[in-house]
Structures are given as structure tokens and as C-alpha cells.
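For reference, the structures are reproduced in the following blocks.
Paired with chain B in one complex and with chain C in the other, chain A is shared by the two complexes that follow.
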Partner chain A sequence: MKVFKIILAALLVILALVITASALTTRGTLPTLLERMDPENLAAQDAAMQKAKDRVTTALAENNPERAQRSLDRYINGFSAQLTLSGRVGYDLFFFRNGPSMLALALFLVVAAAGLIAHALDRSGRVRKLVLPAILITVLYVGVYIVENIAGANSMLMTVLKKGAIYALLAVSMNLLNGFTGLFSLGQAGFMLIGAYTYAIFSIETQSRAQVYQYYAGGIIQFQLPALVSIALAGLAAALFAFLIGWPVLRLKSDYLAIATLGFAEIIRAIFQYDGLGPLTNGSNLLRKFTVFDTALFPFAVAGVCIALIALLIHSTYGRSFKAIRDDEVAAEAMGINLYAHKQMAFVISSFFAGVGGALLAMYQTTVQAAAFTSAMTYEILLIVVIGGMGSISGSVIASFLFVAASEWWLRFLDNETMLGSFRVPLLRSGFRMVVFSVVIMAVVLFYRKGIMGDRELSLGRFRRRLSHRRKGGAQDG
Partner chain B sequence: MADAMLELSHVTMQFGGVVAVDNLSMHIDQDEIVALIGPNGAGKTTAFNCITGVYTPTSGQVFYRGELIVSNRPQGKMKTLYAGSHKDFPTQVVVNTPDRITKMGLARTFQNIRLFKTQTVFENVLIATHLHRTSNLFTATMRLNRQEERSFREHAMSMLEAVGLQDEKDELAVSLPYGKQRRLEIARALATRPRLLLLDEPAAGMNPQETDALGRFIVDIRSRFGLTVFLIEHHMDLVMDISDRIYVIDFGRQIAHGIPEQIQDNPDVITAYLGVDEE
Partner chain C sequence: MTEFISANLPYLLAGISVGGQYALIAIGYTMVYGILRLINFAHGDIFTVAAYCMVYMNATMPLYISLPLTIVFTVALGLAVERVAYKPLRDAPRMSIMISAIGVSYLLQNLMWYVTGGLAQQYPTIPWISSTISIYTATTKMVTLVTPVLTLVLVVLLVQLIKHTKIGMAMRAVSRDFETSRLMGIKINGVISVTFAIGSFLAAVGSMLYFSNYTAVTPTAGAMPGLKAFVAAVFGGIGSIPGAVIGAFIIGIAENIIKALGWTAFSDAFTFALLIVILIFKPTGLFGEAVHEKV
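Entry: the complex of A and B
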């Protein structure tokens, strides 16, 4: 069994190497191959074959079977050489066209092979715990990549995947605060706005600034930062605002945070549209012509890394302190947890990632306008957090994709007036979708209070245990 | 004489018009087990809350190992409202939050059990080990603190073993029976590595056998962990059994103080408790 796994892994690696070699060399070999397909070359070959064929005819007339056979062989050789040549050109062209896909596939094969080998050699079960998630993550990203190439970047499926990934980050960041630390904040849209604007302002193409800021003489910033730097700045800007709000508000015993953040979100929306800030924010006009992403892998990668960081934080000693505060502030403080410092930490980190999410949303929308960041956006994300389960990261992620798919895709028909023959279907009109959503959240709150996941996580270990009906105690690692 | 472990000087706590603790002065020496008793509503828990920073007393001072950790005088509205019997106020104002006081070495349990409800028995104790944390946000998130994490886990586990809850470590804390929840609270307090342990009615809800075992347990952990114990309790057998000294308060005021034998026969104490259900 072990030998079989290792042989299989070796085969996978060889296949991966072949694919990689092909994908990397086609660009170089194609020109020489095409050279051999030049009309003169082909014509020379055709002439040689014509000659061979004539010789076969002559040999037959002369009743000389050996010479006829030799000439025919020569004829067939020439023919198959041409076939081989066009075959190789076709093969190379395929890799030339799908090079990145093929490299992804090779990477996937190597990871799978590594997983197989680790699986075969692993005695402690520790490697298994690391390898399985690694394989799943690779499958996810390769899957997104391949789906994008097949379905097309602008298909409804990709729209849902892109927005879903961004909403997943926004929901997880809100969950860090509302679900894991027990602080009720309603400022998500405000922090997203700051993130989106910071990103847009710093990443508009320099040559387009005059056009974008046409009412403000091209704006005051006249440079463009790389996308990742701008995203980091977006997070930092949101975090700074959170720090300034938290500084007075989080010291209070009672929870004024919800009111303060809600007010902040409303005020910031007005401030960013204020004409006096126009050279920076473009007033109430759109910001556009900034760097956007052209593949879903980008939001998946950024959101994935951010969510992974939040998950690591939540399972660290700091995360445990957050949960202690959520469960019982008085007891947490008596256990030596500095309430203000930890609340501030959770609030600032949550807002940082809300800012990053806002930047991604700006990239997704390709334009930014402050007026769009209403409190309805906060409620949307709060809804996702509640549906997924307060205190469950995987719940937030799953709920995000379901929510985006439902609102952008599956429930679209609710907003469209529909005629069945001459009968106008009642209720179906613009806005009805939100009514259905409200009913859904009421249903969740009333009957399904803990959401999809409660405060549990999707875990491979649990899944496997359930599959094999084998219950082992002593899993102490989160 | 060395400084007392804990010293209260004229501590008064007034809520609106109610003086819950009035001019309370006491001292606890190292290695002692001292009990604070009194009828319901006498102000015992309030006294604990003043010591541990949950409340800032209206007036008075608290010293821990000679260090002034709490000091206050009537301020704002309390200047005119003040109704305590001691009128000689300290000049200094010192306020410490409960987490800082716990870090100094005072740990407590709660009368109305306050466990972390969504967490397991083990996690409840693990959280209490964190005040000795040296890792920062980055090293903790990136798992660069494995050694520290391992020592936290070992320490938490040994605390669970000390109270005999190691077999229930993966259960939800709130699913434990009452008596075990109280023991878990003690394990959690011990995990902060205190010098002074404040127990607020640790035997509440326990049957006589459990109460007996708890008494032996308290004496045992005192010597094992080098603790000083300050205890609020209604079970008189337990109090008389294990206490070195007893303070009795009623309506926030000290009415008696002495060794168990003195308290048992004190007429004031008997009057205060007369007609009061002693549980």
C-alpha cells in the first residue's frame, strides 16, 4: 500500500514535470516548428513525395515489387513526418494557449504527490493534519482558475465567486468583533468606505487623474502606488479611524460602540462627499480608473490570506482572551485580561480587514462612490454573520457565498416584474428581494438562532470522525 | 513586623444612599486562612469587589503586601451624600482595574459562578494562564510562541489535576454539576498563580460531604501553593473548621473579630444571626 502510494506519487511528479516542461518550452520551440512548416519546406516535401509516388508507379510498370515497396515506404515516411509536425505544432500551441492553466495543473499534481508521500510516511498523524488542508486550498485555487477559464471571467458564476470572496472577508472581520469578542459594532460600511477610498485615491493611474478629478484640477495626489501597497494603506486607514473611535468609547463600561460606530459610518459618508475635500475624495463624484483585478484569483488570494490570519489570531492566546471577554467581562477582567486593550485590539484589527475588504470591493466594482456605502451594506454583512453563525469563521464564509449567490443570481427574478400570459405575477417588482431577505433573517433569528454553523467550525477531523463513526476524545487543539 | 498580605483601612462603599460597607479595617497575614462572615446583604461581596477593583470604594485604602493598591476619598456628589461613619479621608487617589490587581497576585472566585460559558473546562483554566503572556499579537498569531503555549497548557492541566477535574477537561464548563463548577472556578483562579486567594462562598450549593472535602482541599492548596486565603462562607462548620481568624460584619460594619472559639460564643454575632437562616 505504501509502495503503491509512492509509485503513484512518482508518476504524478513525472507528469507534472512533463506538463511544466511543455508549458515552459513551447514559446521557444514553436517558431522553429513553424519554420519547418514554411510553404517552401512543405512544397519540397510534397515534391519529394510526388517523386516517390511516381517511382511506385514506374516500379509497378516495370514489374519491380522491391523498388515499389521502397518508394512506397519513402512516400509514407514523408506523409507521417508532416502529420507529426502538425501534431507537435498543435500540442505546443495548446500549451502556449493554456500555459498558466497547465502550470497550475502541474502545481496541483506536485502538491497531490507531496500529500501522498506524506500520507504514506506519516506515523504521528501530524503531517496529515497539515497536508490535507494544503491540498484542499490548492484544489480550491486551481478550481477557481480552471472554472474562470472555462466559464469566462464575466460569467454570473465568476461574479458570485469574486463578490462572495470579498464578502467572506468582510463577514469574517465583522465576526471577529461581533461574534468572537462580543462587541456590537455597526460601522462596517464606514470602515469599508475608508478602505475603498484610500485604495482608489492611491491607485488611480497618474495620467488619468486630470480626467477623474476634472472638477478639482486633477486632485492633489499625483502618483500611483502598487495595488498591494494601496490595499495595505486602505486597511491601515480604517484601523486608524477605529483606534480614534475606540479610544474614548471602549473605555466605557456600557456598550456605546454600536451607536458610536453607526454614527461614524453616517458621518464619514457625508464627509467624503463634502466639496471641500474634493481634491482628495473627488467630492460626490465617482472615483475610477484605478487598478482593478482581472482574475478572481486576486480577491481569492487576498481574502484567503486575510481570513487565514484572522483564524490564526482567533485560535491564539489573544483570540482566547477575546472569547473570554465575550462570555463574561467581569470574569475575564478578574483573570487578568485588560478589557480596554483587548477590545481595542479586536476593534482595530477587525476594522483593518474591513478596510482591506472595502479596497477589494472597490476593485470589484471598478468605481467608488461614497453614497453607496449606506448602513444597508452593514446590515447585509451583519445578516451574513448571523446566518453563518456568530463565532464561526467557516459559517461566515459559507453564508457569504450563499448570500451573494442568492442576491445576485438566484433571487434576481424577485425584482423583475413578470407576466405569465396576461397575468401579472403579484409582488414581483424592484425591491421585493429585500423584503424576502428580511423575512429570511427574521426566520433565522426566530427559528435558527445559531445560524448555519453555530459557533462551531467546519473541520476535517470532525468530518472524518463522523464518517468513520469513531469517537476519540482528547482533541485539544482548536 | 513584615507587611501584612492584605490590609484594609477604613474602607467605605456607598451606593447612592446605601452604605454597603462602612469603615471596614482588617488585615490578613501571610499563610493565614481568614473568613469574612455575616448575614445576607451584610456587604461581604461588596468588600471583595472593593479589594479586587470591581468597585472603587467611596473612601478608604487597601494595601497588598505593603503596596497601596486602592485609595479613594468621596468625590463629586459623594462629598455631600457621604454617610459613612469614618470622616477622616485619605488624600491620595489610587485606582487599579481588576486585571492589574489580579496580575499583582490576588485571584478570586465569584459567588454567582462566572465561568466562560461557551468554552470547555480546559479552556476556562487556560485563559487564566494568559496573564503571564510574553508573546505579542504577531508572535502569537504566527505561532512563534509554541513553547509558551505548551507551558500554558501544562500549567492549566496541572491546575485541573489539582482540583480533580482532569477527566472532564473537554466538557463544556456549564455542563458540569454545581459543585464541580465551583471547583473549576478555584482551578481557574489558581491558574493565575496568586499569592492571595479570595473565595466568595465556595461551598454554596454543596452537600455536607462535598463541603467537608472542600475544607480539606482549601487547607491542602494553601500549603501546596503557598497561599493565603480570604474566604466568605455561610457554612459555619467549614468556617470554624479551617479559619485561623474570623471577621464578622453586619450592615457593612465589623461587629466581631477573633479566632473561631471567640466568635462562636460572641453574643453580638449570635444576635446578628438570630432569625437569619444560616443555611
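Entry: the complex of A and C
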């Protein structure tokens, strides 16, 4: 078995090398190949083959099988040379066109091979557990990359994937607070706003600032930071703000906390639109011309890293304390958990990631305006968390993609007036999509209160156990 | 002095008027909270639906029919929301009911957007209360004077209802202790329905007064007054009707003073700042009762 795995891994690596070589060399070989496909060249070949064919006919007429055979061989050789040539050109063109996707595929094959080798050599079983998740994650990223190259960056599918990844981060960060720590906070939109604005302010191109801040003499900041630095700053700004307001707010109980955080979000919105801060925030005008991402891999990478960090946090001792606070505050305090410190921590960390999510959202939209960050935005993300399941990271991620896909794509047809023959389908017109959508959400909230995942996680282990259990059950039945 | 008064009287009048309108909405919040411990996030949207009702009904019917019909429809909507979205979750955690309320608010807003096409509608002029009058130096609408008077009359009637009738006694009992009053044979669902009916009725009246002043009706027009009314309810001590009324007047007047000072952009933010300050220093509000947590 071990040998077999290693051989398979070697084959995968060879395949990956071939793909990489093809992808890298096509740019060089294509011109020569195309030269060989010149009309003149082809015409000469065609003429030669025509001659060979004629010879075959004459030889048959002369009843000379040997000569006929020889000419026929020549004819077939020429034919297959042409086929090979067009095949080569097709192959090279394919690699030329899909070069980046093919490199990504090669990368995936190498990862798979590494996984196979690790699987074969690892005795402790520790690495073994990481192999499948690692492969699945590579498949996800490689898949996104390939789909983007095939479907085009502006297709509906890519829009859904980009926005879905950003919403996934926002939903998971809100879930950390509402689902894992039991703090019913409705300040998400406020922290997103801080993140989006911090990002935008620091990453507007220096030469465009005069144009963007036209009413405020070019603004007061006259430099541009790299995108990743600005994103980190966006998170830190949101976290700092959360730290400051956490002191008064986190002492409040459930619904008071909800309404106070909602209030803070509204205050932030008013402050950012305040004319006096115009040189920094551009008043109530929009901010634009900042760095945006051009590939869906960027939001996927940033959101992926952030969600992984949140998952690690939740599985640490801090995470267990959060859950203890959620389940019973009084008991948690009696167990020696510092309520305020842990609540503050959850609040600050959640806000940090909400800020990062806000920055990504700004990049996705390419413009930001404070007026858009209303409480409706918070409600939307809260509903995603509920649909996915309070206290489930994977649930939030799945629900985000479903929510975005349904609202942006799958239910679009409900907004268009449709004729079936001469029959006008009733109800279908602009706005109907959101009505259907909110009815579905209400149905989930009322009848399917646990959401998609409840408080469980998507787990390969459980999936495998269930499969083997089912198989065993089947055997007993037989 | 005369100059000072003539400069600020319009703002004061507007403050008292809008305060009365907030009070009518705030009572709905505070009564529901008192009984169900639920922030009814959909209340602001019910307020907006009442306005749309009036717009559409007034287009086809005379005022003396459309006015009562609007009130009936709003009350029916309030009851329906309670029955469909809150009743099934009676024994669920409080967070679930609050989320359901947010879901209803989302649904109502989207529904209004669908029906109206998202365009702002002009609220019909109601004769007499929409007419302009001038008081001292300020010119204003009759509604500015009518609102505080009508609000006080309705509140006095409501307090009488709660103090001296059987259903009022039941409401007081339920808000004191939900479980025990259930054991005592009070029909909880009936009491809750009456609460929602009263809240919706007052929201409908409030919407008529509010939109006679601010005549553009949009699907989200009720969100801000709704939130502010809620702040007023918290400010006065949630669960307490006089508290909600006083809180609403304070917020209405303070908001307009801020506008008079030229800080219009911060008039909304001020309301929430006030809320946060009161929550820090007196979490139960002006007239609220302290709740002790039992282990």
C-alpha cells in the first residue's frame, strides 16, 4: 500500500511538472508552430499529399501494389503530420490561454502528492488528519482561481463568490459575539463603517486626492499606504473604538446592550458624515479611487485567514470561557472567569474583524459612503448568522454564500416582469425578490430556529463516521 | 428677549409636537416590553404601514372612511404580526424573539418597497389639522398644537384603562410576573393581543400626526422615529407609560434645540448619546423598576 501511494504521488508530481512546463513554454513555442501553419507551408504540404494520392491511383491502375503501398504510406505520414501539428497548436494555445489556471492545477497536484507521501510515511497519524482538510482548502482556492479565469472576473458567479467571502467574514465575526459569547450586539454596521473608511482614507492614490476631496482642499492626508497595511489599520481602528465603547456598553444586559450598540452605530454614522471632519472623511460625499482587488483570491485569502484565526480563538481556552459565559453568566463567574475581561476581549476581536470585513467591502464596492452603513446592514448580517446557526462558524460561511447567491443571483428572475405567451405572470416586478426572500428568512427564523448547522461544525470526521455507520447498518439489515 | 423667543419658538413648538408623536409610538414599545420583555423592532414599520394605508385609502375613499379604516387595518396588522411571528416563540430564548422581530421589520420594509415601488409618496392633507396658524411670531400647522393635547388625552385614557378595568389589572399582573399570572388563570394570549392592539392603535394615530407634518412617506421613513421612540421608552424607564411619555417629550424638545443650535447633523446622534448616558448612570431609566437577577 505504502509503495503504491508513493508511486501515485510520483506520478502526480510528474504530471504537475509536465503541466508547469507546458504552461511556461507555450509563449516561446507558439510562434514557431504557427509559422509552420502558414498558408504557404500548408499549401505545399497539401500539394505533396495530393501528389502522393495521385501516385496511389496511378500505381493501382498500373497494378503495382508495392508502389501503391509506398505512396499510401507517404500520404498517411503527411496526413498524421498535419494532425499532429494542429493538435500541438491546439494544446499549446490551450495552455497559453489558461496558463495561470494550469499552474494553479499543478500546485494542487503537488499538494495532493505531498499529502499522499505524508499519509504513507506518517506513523503517529497527526499529519494524516491534516491531509484531507489541506487538500480541500487547496481545491477551494484553486477552484476559485480556475473558475475566475474561465468565467471571467465580472461574471455573476464571481460577484457572488467575492461578496460571499466578505459576508462570510462579517457573519463569522458577528457570530463570535452573538453566537459564541452570547452578547446580543447590533453595532456591526458601525464597525464596518470605521473599517471601510479607515481603509479608504489611507489607500486613496496620492495624485487623485485633490479630485476626491475637491470640497476640502485635497484633504489632510497626503500619502498612500499599501493595501494590506491599510486593511490592518482598518481592523485596528475598529478594535480601538470597540475597546473605548466596550467600557460603558458591556455592563448592560441583553436587550439594553443591543439597543446601545445600535445607538453607537448610528452615532458613528452621523460623526463620519459631519462636515467638520470633511478633510479626513470627505463629509457626506463618497470616497473613491482607492486600491481595489482585481482577483477574487484576495478577499478569499484575507477572509480565509481571518476566519481561521477566529476558529483557533474559539477552540482555545478563551473560546471555552466565551461559551461558558454564553451558557450561564452567573455560573461562569463562579467558576472564576472574569466576565468583563472576556466580554471585552470578544467584543474587541469581533470588531477588529468587522473592520477588516468593512475594508474588504469597500474594496469590493470600489466606493464608500457612510450613509449606506445603516442598521439594515447589521440586520442582514444577523439574519445570515441565524440562518447558518448561532454558534457555528461553518454554518455562517455556508449561509453567507447562500444568502448572497439567493439575493443577487438565483432570485433575480422574480424582479423581472415575465410573459408566458400572452399571459403576464402575476406579482413579478421589481422588489418582489426581496419580499420572497424575507418570507423565506422568516420561515427559517420561525420553524427552523437552529439554522443550517445549529451549533455544530461541518466535520469530515463526523461525515466519515456517519458513512461507515450507515454501511454497517446496511450489513446488519442484509 | 422678544428676539430670542421669536427665534426659538418654532423649534420649541416643533419639539413639543414631535415629542407627542414619539410618545404615541413609545407607548407601544414600552407596553410590549413590559409584558413580553421584547423590543418590538417591527413597531416602527407598523407605524410606516399605517402611513401608506392612509395614502392609498385616501386616494379612493373620503376621509371619514379612510381614517377609521386605517386605524382598523393597523390594529389588525399588529395583531397578525404578534400571532404569526411572536406567539410561536413564546417559550423560546429571548434572543430568538428579538431576531424574529428584526425579521418582521425586514419583511415589512421589503413589502412596502415592493408595493410602492420605492418612491416617496405624498401624505394626504387632513383638513383642519393640516391648516396653518400663527402663534405669536411663529407660523406652524394646527397639528403642532393638536398633538400634545391629543397625546395627553389618550395617555390619561390609557392609564385609566390600565388602573381601573379588569383587562388593565390583568396587564399589570402579567408584566409583574408572567408565569404566576398564567397560573392564576389569566389568559396570557388575550392580554398580549390587547397590548399589541393598543400599541398599534396609538402608532396609527401617531403616524397620522407625524406625517401631517413630514409629508414624504418612504418605506424606511418610520425606522428613525421608531428607534427614537424606543430610546424615549428606555429613557423614561421601560415598562412605564408615564416614563415613556415624559422621555418622548424630552427627546423631542432636546432634538429640536440641537437643530436650533445649528447641529442638525447630530440631532439623531444626540438621541443615542442620551440613551447611552442614561443606560450607564441609571440603567433602569427615569421611572423603571430595578430587576434583580435570580440564580
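The working rule: the second predicted complex is superposed on the first by the 366 of 478 C-alpha atoms of A that agree within 3 Å, B and C clash if a C-alpha of one lies under 4 Å from a C-alpha of the other, contacts with A are read in each partner's own complex, and residues count from 1 in each chain.
By definition in this document, contacts are C-beta pairs under 8 Å (C-beta built on N, C-alpha and C of every residue); 3 or more make two chains touch, one makes a residue touch a chain.
These numbers were taken from a predicted model, which means no experiment stands behind them.
Steric overlap between chain B and chain C is absent once the structures are superposed on chain A; the two fit side by side.
Looking at the shared chain after the overlay, A:M345 reaches chain B, while chain C stays out of its contact range.
Contacts of A:A270 after superposition: chain C is touched, whereas chain B is not reached. Contacts of A:S375 after superposition on the shared chain: chain C is touched, whereas chain B is not. Once the two complexes are overlaid on the shared chain, A:V330 sits against chain B and chain C alike. Judged by the touch definition given at the top, the superposed model places A:R449 against chain C, while chain B stays out of reach. By the touch criterion stated above, A:S316 is placed in contact with chain B alone, chain C being left untouched. If you count the residues of chain A touched by chain B and by chain C, you find the higher number for C.
After superposing the two complexes on their shared chain, the closest approach between C-alpha atoms of chain B and chain C is 7 Å. Residue overlap on chain A between its contacts with chain B in one complex and with chain C in the other: 330.
Those residues of chain A whose C-beta lies close enough to touch chain B in the complex are 309, 312-313, 316-318, 320-321, 323-324, 326-328, 330-339, 345, 391, 455, 473-476.
Considering their complex, residues 52, 54, 97-100, 102-103, 107-108, 110, 114-119, 122-123, 126-128, 130-131, 133, 135, 137, 140-143, 145, 148-149, 152-153, 169-170, 188, 192 of chain B touch chain A. Those residues of chain A that touch chain C in the complex are listed here as 178, 184, 248-249, 251-252, 254-256, 258-260, 262-264, 266-267, 269-271, 273-275, 330, 375-376, 379-380, 382-383, 386, 390, 429-432, 434-435, 437-439, 441-442, 445-446, 449.
For chain C in complex with chain A, the residues that touch the partner chain are 33, 37, 39, 84-85, 88-89, 92, 94-96, 98-100, 102-107, 109-111, 113-115, 117-118, 220, 223, 227, 230-231, 234, 265-266, 268-269, 271-273, 275-276, 279-280, 283, 293, 295.
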